[in-house]
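The chains carry the letters A, B and C, assigned in the order they are written, with residues numbered from 1 in each.
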């Protein structure tokens, strides 16, 4: 795992970065590393290429239909973990950000999105695949009311400027500057007391975490 | 019930369009028709004249004081039904929109309001008539926090521009163009899978629906 | 307690205005007086000097460590009382507004903040002092989602303009005009029926009040 001073940089990969079980395990191992680190720290999650993450690994699911329930529970557990992670977190959304990949970005404290290309999109309604109760609670817990409603019921694709206007992301950055902007946002937060921060987030999102961990 | 392509147009009427029991029955019959229709569909609710709806039928209630509880329960059931309706819904608010009439508009996915005339207003505080728990949950579930607070505790009358600025409505349109704007907003959404959309909305607003159906 | 027509003006004091038990008792006595008053009324809470309120009285707590739990419960009870107070309430935030002092301002219906000086800040994360469940519910119940998240997880200090942009306060006013602006905002609301207003706020914030009164 790379570091830039106090900022740990989790790299999701250079392809569609869907949540194959191996990738989930790798992300969790990185989170373990950050969580175990004793000292000032912040986490930036990024990727390279056209995609931040395209979400659920539908190919793998097609081959393992019997594991749908445990797989979705694993994804929801990751979302809950990031949501209340005991360190400041920033998503550097340099590319397309769809479905559970968009939810992973929403689970971070802050989001920087590439200005000129790439979409934030929750395509579940068009896929005939309703959000689990936990995923619905996550999106509704992080977005303003009518923004959550539009995103979840229409599958609208938000470009960077639209996503910033709707407060889905906190800021946009030019191509090639997304990661740097995320690191600069995260760096001054690295000194926050980790345990306190984890407790604050856990209390703020107790209901969301419960819904994500209960499955649906 | 009129249709414009895939868009069903529910007409509330040409007077104050208060929720007389007969009007509630007519609205529910129209919703039944849309719900039973198998194919691409969206619902636009509109009216003609000075009012979209003035809400509870206080004249009828004055004549039937013993039926207050069941009547309010019927109105709340309608609000819950529209809130999680298994099709895209748009309110074409061409005129005054008060009390439970305003809540009916808020239960739709989107709202277009006439720009130059007509008010959105929750006058309950001035009438000495507190919101039921379900109605409070509906308003708070659809409006931003301080907007809900102001609307519910002061009875402020929002004209079109103010309502759009406060995100009470999604857009405004000129006189005579409100219905057309609502239909154009609804039309591209008509292809969304109805059952999935209903499930998504039901999960998003499970608590609001529970509060509306429990009565108060 | 001073009055300006129908508006009662609660003066928090001229120092840091931390919540010493004696100050809590004095505030509650003033609220009793307003609550008992039968007639048009509104409440403006203000202070003089550099501070609106700096929150918990850490000096007193240092001398009475055994009373931490009952003291915090008393502060939470005050926040719950103001949140659902049966009269319109406006905070005239003329100076620094930190921690539980900021929460007291958030418990009011509206807030006017001095434009050019003074900060709104929740420093809990930096103090290693997580919000109680009730305090978290209060802040999250009054601020937009990402605003609450940023304020609670970063301890950001918001000046007047930033606080207004984030909708933490409803408006700003120039030095020396904050109290007058708050009184002018409160005055036309003084005629709202007190009992109805109290019931409306109690239903809107039933969960927040429960969390504040349960302690944590």
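A few comments on the model shown:
Just so it is clear, a residue touches a chain if its C-beta (ideal position, glycine included) is under 8 Å from a C-beta of that chain, and two chains touch if they have at least 3 such contacts.
What you see is a predicted model, and the numbers here were worked out from it, not measured in a lab.
Residues touching across the chain B-chain C interface largely differ between the two copies, under half of the numbers being common to both. One copy, chain A, sits rotated relative to the other, chain C; on C-alpha atoms the angle is 120 degrees to the nearest 5. Per-chain Cα centroids separate chain B from chain C by 34 Å.
Residue positions 144 of chain A each touch two or more of the other chains. Listing the residues of chain A that touch chain C in their complex gives 88, 109-110, 141-144, 167, 170, 189, 192-193, 195-197, 199-201, 203-204, 206. Residues 124-133, 136, 140, 144-146, 148-150, 152-155, 216 of chain B are the ones touching chain C in the complex.
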